[in-house]
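Order of writing sets the chain letters: A, B, C, D and E. Residues in each chain are counted from 1.
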Amino acid sequence: ACNGDNSADGGKDTGKDKGKDDGKTEQGGEDTTAKLDFPLDVSNDAEPMEDGEMTIAMVAGEPFEGTLNRNFYSGTYDAEILSYFDEALLDTDGDYLITNDGAATYELSEDNKTLTLKIKDGVKWHDGEPVKTSDLLYSYELLGHPDYAGNRYDFMIENVVGMPEYHEGKTKEISGIEIIDDQEMKFTYTEATPSILSGFWSYATPRHHVGDVMTGEVTIKDLESSDKIRVNPIGFGPYKIDKIVPGESVLYSRNDDYWRGKPALKSIVQKVVSPATIVESVKKGDIDLASIPADQYETVKDVDNIELLAQVDYAYTYIGFKQGKWDATKKENVTDPDAKMASKELRQAMWYAMDNATIGEKLYHGLRFPATSLIIPVFESFHDESVEGRMFDPEKAKQLLDDAGFEDKDGDGFREDQNGEELVINFASMSGGETAEPIAKAYMQNWADVGLKVELVDGRLHDFNAFYDMVENDDPKIDIYQGAWGTGSDPDPSGLYGRTASFNYTRYTSEKNDELLKAGTSEKAFDTEYRKDIYNQWQELMFEDVPVAPTVYRYALTSANKRVVNYSIDPGSDLRLFQMGVAE
Amino acid sequence: MVTVNQKELIAKEKANNPSLLKTIWREIRHDKMAMISLVLLLGIIITAYSSPLFIDQEQLQRVNFLETWEEPSETHLLGTDDGGRDVFGQLLIGTRNSFTIGLSVTLIAGLFGLTVGLIAGYFGGLVDNVIMRIIDFLLVLPSTMFIIVFIVIVPDYSVFTFVLMMSAFAWFGKARLIRSKGLAERELDYINASKTLGTPSWKIMFFEMFPNLSSLVIVNMTLTLAGNIGLETSLTFLGFGLPASTPSLGTLIAFATNPDIVQNKWWVWLPASLLILIMMLCINYIGQAVKRASDARQRLA
Amino acid sequence: MAETVLEIENLRTSFNIKGNYYAAVDGVSLTVHKNEVVAIVGESGCGKSALALSIMGLHNAKTTKLEGQANLKGQNLLSLPVEKLNKIRGKDLGMIFQDPMTALNPLATIGRQIEEPMDYHMKLSGSAKRKRVLELLEQVGIKNGPRVYKQYPHELSGGMRQRVVIAIALACNPVMLIADEPTTALDVTIQAQIMDLMKDLQRITDSGIILITHDLGVVAEMADRVAVMYAGQFVEIADVNTLFAKPLHPYTRSLLSSIPSNMTDKEELHVIEGIVPSIQNLDREGCRFAPRIPWISEEAHEDNPTLHEVEPGHFVRCTCYKDFHFPEERVEDENYVTT
Amino acid sequence: MVKFVIRRMLVMIPQLFLLSLIIFVLAKQMPGDAVTGAFMGNPNVTAEQVEKIREQYGLNDPWYVQYGAWVGKAVKGDLGQSYTHKQPVTSLLAGRVVNTVTLSLFVLIVSYAVAIPLGIIAGRWTDSWADKLIVTYNYFSFATPLFVFALLMLFVFGFILGWFPTGGSVDIRIESGTFAQFMSKLHHLVLPGLSGALLATFGTIQYLRNDIIDTKLKDFVKTARSKGVPEGKVYTRHILRNSLLPIAAFLGYEITGLIGGSIFLETIFSYPGLGQLFIQSITGRDFTVVTAIVMISGTAVIVGTMLSDVILSAIDPRIRIE
Amino acid sequence: MSLLNVKDLEVHFPIRGGFFRRVVDQVRAVDGVSFELEPGETYGLVGESGCGKTTTGRAIIGLNKATGGEVLFNGQNLANMNSHDRKKHIRDIQMIFQDPYSSLNGRKNVLNIIAEPLRNFERLSPKEELTRVQNMIERVGLSPESIYKYPHQFSGGQRQRIGIARALMLNPKLIIADEPVSALDVSVQAQVLNFMQEIQKDFGLTYLFISHDLGVIKHICDRIGIMYKGRFVEEGTAKDVYTNPQHLYTKRLIASIPEMDPEKRFEKKEIREEINNAYRNEYDSYFDKDGRMFDLKPLTPTHSVAVQQGGM
């Protein structure tokens, strides 16, 4: 699945999202086409000291929510906390595909429809109980439960045989999940799709600890707010939660029974640090690990007690061109051929007109760089290098517009549309972060330079909800908007660009698109070459049709104190969290 | 009948008894601080309001990423901000907008509060009771929170709507003040006298009572004017500021979100902060002089 | 003659108004004896209160200049530092203020307020103080003392409050009492009660009293001696009978004839022309009252008249009193044939 | 007295009702709702699933139905469920209320502790250099935006000098319930508290100074002096008590300012309290939480005004509460 | 016909209390007062503070609402008129206030103060208005240039003259003077009293003169009503009341007047004590069970006293 990242652009902003679900400190892609060269591993190769202690920052302008359960949490910061004390049963590799290196192993049947999972010996919850298959089943029972109101009942869950019936409350059991014994279980899927390898949900829930919804011991609602997941949650990760100061900090201690071995650190403190003060805190040496907002790169760059690690983030920013409406009854997107933004040339020209290189260079000191395609370079196998995007070229933009009949007929400096009528494009952009405003402004200037009159909707930036409220509901005030998607582990773009995807906010549809998206997740697509070819075609199509114009890719910056050892942000790295430590 | 000599006397007397405005002016002239403040404040305001003559707003608002965060220099007297925009120009326009906001809020809230307060104070009794119950309730509202909610709600967030919102939460304090003084004033015999002379209520309120409260109102207004200028600063900091197309002093000050900017990019936020401080001090000193002018016992002149 | 308690000599009180000092009390001398009530009368603004406050040391030290002497028990009150003055104020020297509505601290109980001077001047135990307070309350004619002890000023009527104020002044048996218009703010009936009370009390306490008032009726009822004040100076001092029977100074005579007293009926009252000059506008040369009796020729006035004794104990600051007459010859009374 | 408090509580009920109605309606007017964008995290969720959640949370009902349901529960002490935090609002707020109250009390106490002596000095020695200094400080504190000052404080005392922690409310490593933890909490309070307090002194100093200048000239003060009360005691026993009355009267409204201020302090010092949560909930359209916080703040102000009435009646016998 | 006839006038103020601020009791400020004023006479209302003198005056002119009784002015009942009708009559009744400081609006100059009634009732050009004001100002003995001065530039006596000038502007018939001299020094008091008598003759005015100063009342009034707790205790000509006081309260009041002859001070004190004793002992024969006064009972054609029906 794709993960969305809604925050238009870094900075301090909502913590609502989203997106970085999978804990970016753990995983990452191969080295990509970055322009700046950052290390992925800390350089200190000393031995970690005995009983070291570490302080890790959650860089946030607001408190974390503290819903510390994989099935229910929604905030990024909760995800960060979860990653220290809980982990997935199946480990993943640099391509985000599940491996057999984790606490469990898996096997996929010939027809790719059945997955058998085996939990290794000695995997124990923090309270000493072994992790059982019933615990993983419990996660599915919760996610599919009719009362479940979180955002993880998705296609990959529904794809389990018997899940829709269970979800509607018709059955009490999920027929597609079979428990063989405490350590072995089987999942059967309705549809075979390569997404299984990247989207398989392998987070177990300690049934005995949190209480069983199935027996009526607790209800889902009680569970969500229960102390068992807020005050003393357990997992089977390398560290145990000792104490939580709600919204503020978490104290972990070593899980001596961790299945991989004894973790290096005796304890970890993880606390919320405001983006305003993170750099100072890092400088002062109070914080060992922290993600740094891109706009503060300049100030940390020369701090000498730290080391900066960075990888390209799983996200891209884009300009979306509204071309239709969501039809709620048919549950599909309907493209309107008469939409203001219906002209392909206009969209192409607008992409050419944007000077993203300067923005990345000057505003983000190179931490952002122009995007080329809708499948980000992180997905090395699927990102099409040959698609070069439409780099800043105002002349070309003008040419395109001229040719398509967008000409300035009344001499006011702005082009009219093909019919000679005034053309004002209404642009919606999200507030948040210091850079949101100058960027929006810069794009509008860029477009004005090629003769397009673009105005901000309501004359201002909108906050997250107001923005998405308008975008989701196809508010006629909006012609174009600036959004961002965070991509997760699955390169499949159909959730964002498919005909039936409600998140396809531009409402762009085409038959070719339908075809390609379908092929990309078909059973045939288990063949990487085939899939790559399909996605190359799709990227080509997107480049041509420009339903959205991707603007920039971004680096995610992590600062590590120089005393930190055995730490890597490379998802393909062999280092595991329990090895992370500090040197004398 | 009136003799020529007396006519002269009358004219002299007329001249000797200046209006409140003249008294205020006289008082200011006699107070060095107030005089300096007045000159300074007028200077600032005139410069700010005439800035459109020599600053092209359109041009000023243009972002230019090649010139971000530049230190003060000859081309940019006060450097540039994160969008490479000239801080000095923004300072001028910002002062104009902020002052307009402060003044409008003060005037609107003042006028409304005054009217309500006068009505409650003059009529007393049931009218006062009803009005005061409403005001008591309004005073309970956590205004900062309400303003934030309002800002989120209004579709068109501009100086105008902002002023309306702020005024909506600024008037009742004034109404309460005026009302309490009005209640005291209404017991005085000159009000009774006017009533027995057949003067209609509205006339008594505005032409008899109000002038006697005017000094209080002026003093209170100057103080709140000073306060209101800084109003949107805080909201901007929280991310609920005016749209960027309306730069204000708040926009500039709210750049100070992290120690790095506070320390290393002082030219963006510090001048605006100082300007607010200076304006507030000026207004305050003038306010002091006005206060003295309205109280014969304290006059210097 | 009885023992002297307070001796004021050439007292001058000047206020700083915009940098210049102007005397509101301008060289006043007066002796008060034990068991004697000396009344000071005069129009509003003539300096009566300023004099009283000078003796008590209650003027703002920064803006007031005090000259001359006010000797009480051998100490010049005017030059004492506050600390030493505080040893005398409330003990040997008590004061009664005009407005009982404002003279009491609204937040303290009556008991506390009467006890307070004892805290500083008498070594008494708590119960002894309470006993003394009840005694005082009884003395000033408050019947239910124990109840009033616990009450707050706002719970008492004006007359009661004035009694409390008097009790405070009497708390430590002062030898000298200064009462600044003690009855002006009260109703006639209550005024009568308070006057009677003060007369009774004086018999018990033996203290000397300066009674400041502008009501000649009060003077007639209360005073032993009277000092008539005008524009910061005493213009006439005499014992009470003499003064009412044979007033000499034009000012005294004018005052007396402007009262709508029992004698006159629907007749026109005498009007003193003009007003008391403010201390800044006061012409300090020559006779200060002269501008208000313009029908008296200038020659009649002496330059800088001094207070001189025309009879034993009768002092007048004027030389024209012999020739003084009212403009309409209205009160040309045989009484005023010169001596 | 008890009767008075009970009666004021009764008056509070309609006030709170009205307040809740207003804020509820306003909250609903905000564009979007808690579910808007919440599924951005998982685009593989279908539109139906999203609608189902809206239905479950009653977000599609007309506002009066929602309000009715909310009031029904609120009366029983249940302020609803937070969507974002997935827990009952009451338990969500419980911890934050303590923090905000602690911070606000600290600010209040420190600001009084600073303002009252300064006000007294300025009022007692008017026009002295100390008075001029205090008045100048007062102008400055009035004109300085809280967040700039707080940032400077944080920068200087937290980072450069390192005297105080730079965020949070307590050091998590210290064992709960110990004295050390109490000290740690205090240590964390100092910086935000001081930043708030030093700028909150304006009104108090201003009022106190003016009132002392007025009270100084009152007759009863002359009476006190004429009793031989030493100068210092004249101030402490007579003038001060009277001059504190307006301060006590303003206590209730002071709370409005504290609530506003806590939003900034909590944001800057990462201090998890209501203010910070409020901003988060506004951005997240967590209506139940927004409503609850506004209600709590409103209640605080009402209780504050009530408290100031009680205090006033305790020091001022003229105000009788029956 | 009498100019003013007050019949059983009652002014009760509600005392509110309780949760809903209900009326829990009444202050009977004026509680059944009747008297008549003949044209050209001066009628004095005396009594201690709070006995309801001011309230009576205010009720007549309409500043307080009468809760009972009638106020007949030239035969018209003002008490139950609406404010519009009353306005037509009110110009014939004017008021002079106690405090010469607060009764003039300090923000207006004398011209504007004195012209106020003219502007309400007559449409005059500024020039006519100025002449009228100037004439009046000279009539009250102030110099013509005074009209541009402000009240604070005058002495108390002068201010009281301005107040009187304002009241005279509409040529009223009745003037209610509420303690017009109590705030003034003796010397100034004399000035104002003389002046009031003078204009009474010139303008043919009738005065309702309210005061607590028996000396002043005696000096200026033809007839006197003594008030106590909202009711009359005695009414009569000045001579009746002063030389032959009947009601104990009246006696007490008269005995309180300070004795102007120092020689007689002790006698006076004794008289007071006697009356006080009598007051204690004979209270019952002057007040009924509820502590209320009895109704007035005529003693002579001009003199009535509130004693129990059937004599004392």
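Heads up, the rule we're going with is that a contact is a pair of C-beta atoms (placed from the backbone, for glycine too) under 8 Å apart; a residue touches a chain by one contact, two chains touch by 3 or more.
Quick caveat: nothing in here was measured; it's all calculated off a predicted structure.
Trainee: Give the identifier of the chain nearest to the protein's overall CA centre, each chain being represented by its own CA mean.
Mentor: D
Trainee: Where are there more C-beta contacts: C-E or C-D?
Mentor: If we tally the C-beta pairs in contact for C-E and C-D, the bigger total goes to C-E.
Trainee: Report the inter-chain centroid distance for chain A and chain C in whole angstrom, where each centroid is the mean of the CA atoms.
Mentor: 91
Trainee: Just curious, how far off is chain E from chain B if you go by their C-alpha centres, in Å?
Mentor: 47
Trainee: From the C-alpha centre of chain A to that of chain E, how far is it in Å?
Mentor: Computed from C-alpha means, the inter-chain centre distance equals 88 Å.
Trainee: Would you pick out the residues of chain E that each touch at least 2 other chains?
Mentor: none
Trainee: For chain D, give me the residues that contact two or more of the other chains.
Mentor: 30-31, 151, 154-155, 159, 267, 279
Trainee: Which residues of chain B touch chain A once you look at their complex with the stated criterion?
Mentor: Contacts found on chain B: 61-63, 65-66, 68, 82-84, 152, 155-158, 239, 243-245, 255, 257-260, 264.
Trainee: Would you pull the chain D residues touching chain A in the complex into a rising list?
Mentor: 30-33, 36-50, 53, 56-57, 81, 84-88, 91, 95-96, 151, 154-155, 158-159, 162, 166-170, 172-173, 176, 267-272, 276-277, 279-280, 283-285
Trainee: Going by the contact rule set out above, which residues of chain D touch chain C in the complex?
Mentor: The touching residues are 218-220, 222-231, 237-238, 241-242, 315-318.
Trainee: Using the touch definition from the top, list the residues of chain A that touch chain B in their complex.
Mentor: Touching chain B: residues 12, 275-277, 279-280, 295-296, 298-299, 358-359, 361-363, 431-432, 434-435, 437-438, 441-442, 445, 456, 458-461, 463, 466 of chain A.
Trainee: Can you list the residues on chain E that touch chain B in the complex?
Mentor: Residues 21, 58, 61-63, 87, 90-91, 93-95, 97-99, 102-109, 116-117, 120-121, 134, 143-150, 152-153, 163, 166, 170.
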